[in-house]
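Following this line, the structures themselves.
Next come two complexes, and both contain chain A; in the first it sits with chain B, in the second with chain C.
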Partner chain A sequence: MKLRHLVRKELIEIVRQKELLFLLFVSPIIQIVILGYVVSSDIRNVPVGIVNLSRGQTAARVIERVRRSPLFSVRRESERSEDYAHYLKKGEVKAVLVFRDALDRKRNVLKYPEVQVLMDGIDSNTAMIAAGYFNGIIRDTILADMEKSGRGLPVAGRPVFRFNPQLRSINTMGPGIVAFLLTIITMFITSASMVREKEQQTLDTLLMSPLNSLEIYLGKALPAALIGLVDMAIGLVVVVLWFGIPFRGSLFHLLLAALVYLAAILSYALLISVLSASTQQSMFFAWFSLILFLLMSGFFTPVSNIPQPLSFLAAINPMRYLVQIIREIFLKGNGIAYFWKDLLALGAIAVTLVSISLLNFKRFISR
Partner chain B sequence: MVRLEHISKQFGAIRAVDDVTLDIPGGAITILAGADGAGKSTLFKMLVGLAKKDAGAILLDGTDINGDYSRVTAVCGYMPERFSLYSDLSVEENMDFFAAVQQVPAPRRRELKERLLQRTGMAPFRRRRAGALSGGMKQKLALSSILLSSPRLIILDEPTTGVDPLSRIEFFAIIEDLKKEGRTIVMSTPYLDEAEKGDHIVFIRNGRVMRQDSLAGLRASFPARLFRILPAGNIFEVMRQVAADPDLAGRAHPRGRYIRCLQTGAGDPGERIPHLEMVEEQPTLEDMYIYYERQA
Partner chain C sequence: MSHPAPAIAVRDLRKDFGVFQAVRGVSFDVARGEIVGFLGPNGAGKTTTIKMITGLLKITSGTVRVDGLDNRTQLVQVKRKLGYMSQKFSLYPLLTARENIEFFGGISGLSPRERARHQARMEELVPAAVLRQKVQDIPPGLRQKVAMFVCLMPDPGIVLLDEPTSGVDPEARRVFWNDIYGLKKLGKTLLVSTHNLDEAEYCDRILIIHNGELVAAGAPDELLRQRRKASIEELFKDAIEEHGQD
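== the complex of A and B ==
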């Protein structure tokens, strides 16, 4: 088998570069740990300012609850109304709560104080979530008062969160990171591979050899696939053991999805490699593609957020299906019956990409 | 063994190879000599099928290959202009890889590899990474690698460019050995002194063959005589006179204490250049190349 020698050569070339080895097998661990801790949409310690113009007990109780919540950290307190705008403008706080007494003129008694929640909208996501929590705290205070006086709400919804009861964002990110690792490693190794032969001028050696284009194609793809799978396994172990995210599905299903995905992503990377004139170009292409794949994969933000006219971009994004399938397998423990449509779509993308890429590859080889 | 007939190749507006017809006789060393960009590399690439020719025919052992380049690649070893082996692989790994993809059976591969490592003096460096070899050693490794498939036809594109003089001598010794084994060698070089080692010499300029023959044949048909003249008086003074003389301008050049002068037709340069001594010399390939280049 001539192919075996080519694969062996590719692997030796990779192993000989110590820096590359580090990047391939150590950096994934660093990436996961960093992504796991840093890239989190959970909110904690949001800096808050409080302007309390109310004399009543109710406001004091609400403020006490805010102070005790781990979500917020009260940085500024004041009793002067002109302070609130100043806090936000200076950026010392992301939210300002203003309490003001309201008088029931008819009965001449104090009502619940008016509360104004001012948010810094630049970080829109945090602002939305934090605003929701403020409302929760205020509502809880009112409910507690109502229960004390023997009244209750006629109906109350009680949400139960399945598959991720604590709503930890790492549980959503972790499986995505596994998909991300599989992509970044294979994409970069492969998109540089043919360009490297061009730059080293070793391409002629390959072209003059009795190896046919399919053998050269596979000889380039297989080593990258192998390394990608090893990295995925490393990622899996770290995500499960370090972050304690449960893996509820079947490893076989994960492997199956990964292999179909690899066919798609490797053929795409080889296409880049054939079309690029230099390693620099291929790296740029790879980065550009990777960012697009990542942003539209549902890794950070839900795919359903993408506006209709652009949703086709997500539909042809192979990473989107992998992220989806991996989450199904990982957190829900779902079998193929639940994600066969995604797998089929991924398969269709893979077949299309392999065809385009192989065609270009053949044309490139027989110039 | 190989004959190229009316081969042409155009890159945009540039005619890289222009109606080239040339013979590569079997069991001999053919050397293509010409300046950079003369079309030597393109010619080789078309011969092995790495570049498409626009027109012309390639005959191998008397028959047209008709686009079936595997006939050529099956019998030839081609060494491209730049070192084209894997710099991250060791000497031995490079050779193994090359032999493996050429499907050389393992026992024969081992035996040949040992012999080549010994012959080229590379044996002590077998585990060294190819990227860490000197220029001369790289070329020897490249040559060894293509020899593993025991090619009948060996095509070397500027194998000695950028190689130190000692390594060049060694390199030619190996090539002479290969010739003795009955193999056909065709190589290109920009160095004309090197071209004298060829049995068949081809001068190429701007994609066209200016002249092709054996060294003796080239000398016999050379239409000019070469004189070495020791000028009487200051050589700079004399050269100034020569430059002003329309018959001599461009033909006479100072070299050391002497003036070398090419003389075509009748007449004696000694009559026009005041001299102490004048000796007729055998023209070198360089003299001939420059002469033909000026004529063209």
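== the complex of A and C ==
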């Protein structure tokens, strides 16, 4: 079988490049570990300033809870109202809590203190999450007071978080990182493969051989797919063992989704490779595409946040479906019955990309 | 009495790249068992013509027949008859010479036994230590030898060599031309492009191409006699100047 020789040749070329080997098999581990810690929407040690103008015990109890929380680090405390604006402006803190006593004028007694939560909105994500936590601390303090005095709320919603009870963002990010790895590795290997043949002038010899265009196409795609799957396996082991992310679904389903995805992404990368005039150009295209795929995949932010006029880009983004499917398999343990629509959409994109790419490949070869 | 078709028959061959005309109506034959030198300066249209004969480049107009087969409609059969070595010897630099032989033999459909026979034959021509080296690390002369060997493995009847002696030392060039004669004795037809005019003396016939047009064609001695020139270099200048005046 002639194809076997082409696949073997591609693998030898990869193995002979030590730097590339490192990038393919060691850097993914480094990437996962770093991304796992860095790409997190969890907040920790947010620097906080407190301006306490209240003389009541309630404010002191809220402040104590804020101090004990691992989410916040109290950096500044003051009893002067003019200080809060200064703290935020200088960037010493990301949030300032201002406590003031409020007077019940009818009964001339102090009510619960008024709490003003001032946030630095530049880092909007942290600001939103931190504001939510502050409100939680204040609400819990009031509820604890009410329970002590024998009063309770008539209705209290107690959320139960399933599939990710501790709301760890790594649980959401980890499966996405596996999809990211599969994309970056296969995209970069494949997008340069045909251009390299052109640049080292081996393409002509290849085209003069009895290999047909489909064999050359597969000969370029299969080694990258194999390496992609190995990297995905490395990624799985790291996210499960290192980060303790539960894998509740079926490995077979994951492999199935990965294979459909690989058909799509490898076709896209081969399309880049035949359309590019140089390796540099192909790398640029690959990088540009990767960023678009990533931003519109739901990896960082929900796909529903994408504005309507751009939503069609997300709809044709294969990575979006893989990220969704991997999360379903990982965290919910869902099978095809739950994610068949995503798999179908991914399959349709794969068929379209394979067709376009193969047509261009044939045209390129018979130029 | 019917004459056998020439090994290569090129008629009014043209290639345009946009507004640039790289080859302008070239016609020639290469008879079976002949060594034909394709001479011309860099950019004259030698590589473009050879690539059109192989089918690697689409023809703008004109025809190419290889062993009587039209290379537009019967390209798969045409490729089986041709061996082609490109300017840069077309070997994979990260593979060893042995791996290159194994690879090209494999994709050419040679059986494991045939590939083993070729490996053994190659070891007679090139030291085994060299064959174990990556191609990027072996000298150009030996690289050319390996590339030539790879090109001949499927046993093509017609061999097209594009600038096979560029970048190799004089001794390697001499050895190369000896090998070419060896191939002629085996009945192969050879079209060899070069810009080294002194190599014309090795050829049965030469074709001189300039600015995409054929400006002279014939046996070297015959051309020298016709044009009353003492050397191929003078002949070459004369043909180009004459063409420039037309």
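Going forward, the second predicted complex is superposed on the first by the 367 of 367 C-alpha atoms of A that agree within 3 Å, B and C clash if a C-alpha of one lies under 4 Å from a C-alpha of the other, contacts with A are read in each partner's own complex, and residues count from 1 in each chain.
As a working rule, a residue touches a chain if its C-beta (ideal position, glycine included) is under 8 Å from a C-beta of that chain, and two chains touch if they have at least 3 such contacts.
Predicted model only: the values in this text are computed from it and were never measured.
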If chain A is used to align the two complexes, do chain B and chain C fit next to each other or clash? clash
In the superposed arrangement, which partner chain does A:Thr202 touch: chain B (first), chain C (second), both, or neither? both
Mind working out whether A:Leu6 is in touch with chain B, chain C, both or neither, as first, second, both or neither? both
Let me test your reading of the model: by the given contact rule, A:Ser304 touches which partner, first (chain B), second (chain C), both or neither? neither
Touched partner set for A:Gln17, first chain B, second chain C, both or neither: both
Taking the superposition as given, does A:Gln166 touch the first partner, chain B, the second, chain C, both, or neither? neither
Once the complexes are superposed, what residues of chain A are shared between the chain B interface and the chain C interface? 2, 5-6, 8-9, 12-13, 16-17, 200-202, 204-211, 367
What part of chain A is in contact with chain B in the complex they form? 2, 5-6, 8-9, 12-13, 16-17, 200-202, 204-211, 367
Chain A partner, complex, touching residues on chain B are 48, 50-52, 70, 73, 78, 80-89, 93, 96-98, 100-103, 129
Considering only the defined contacts, which chain C positions touch chain A in the complex? 51, 54, 56-58, 76, 79-80, 82, 84, 86-88, 90-95, 99, 102-104, 106-109, 134, 150-151
Taking the complex as given, what residues does chain A use to touch chain C? 2, 4-6, 8-9, 12-13, 16-17, 200-202, 204-211, 366-367
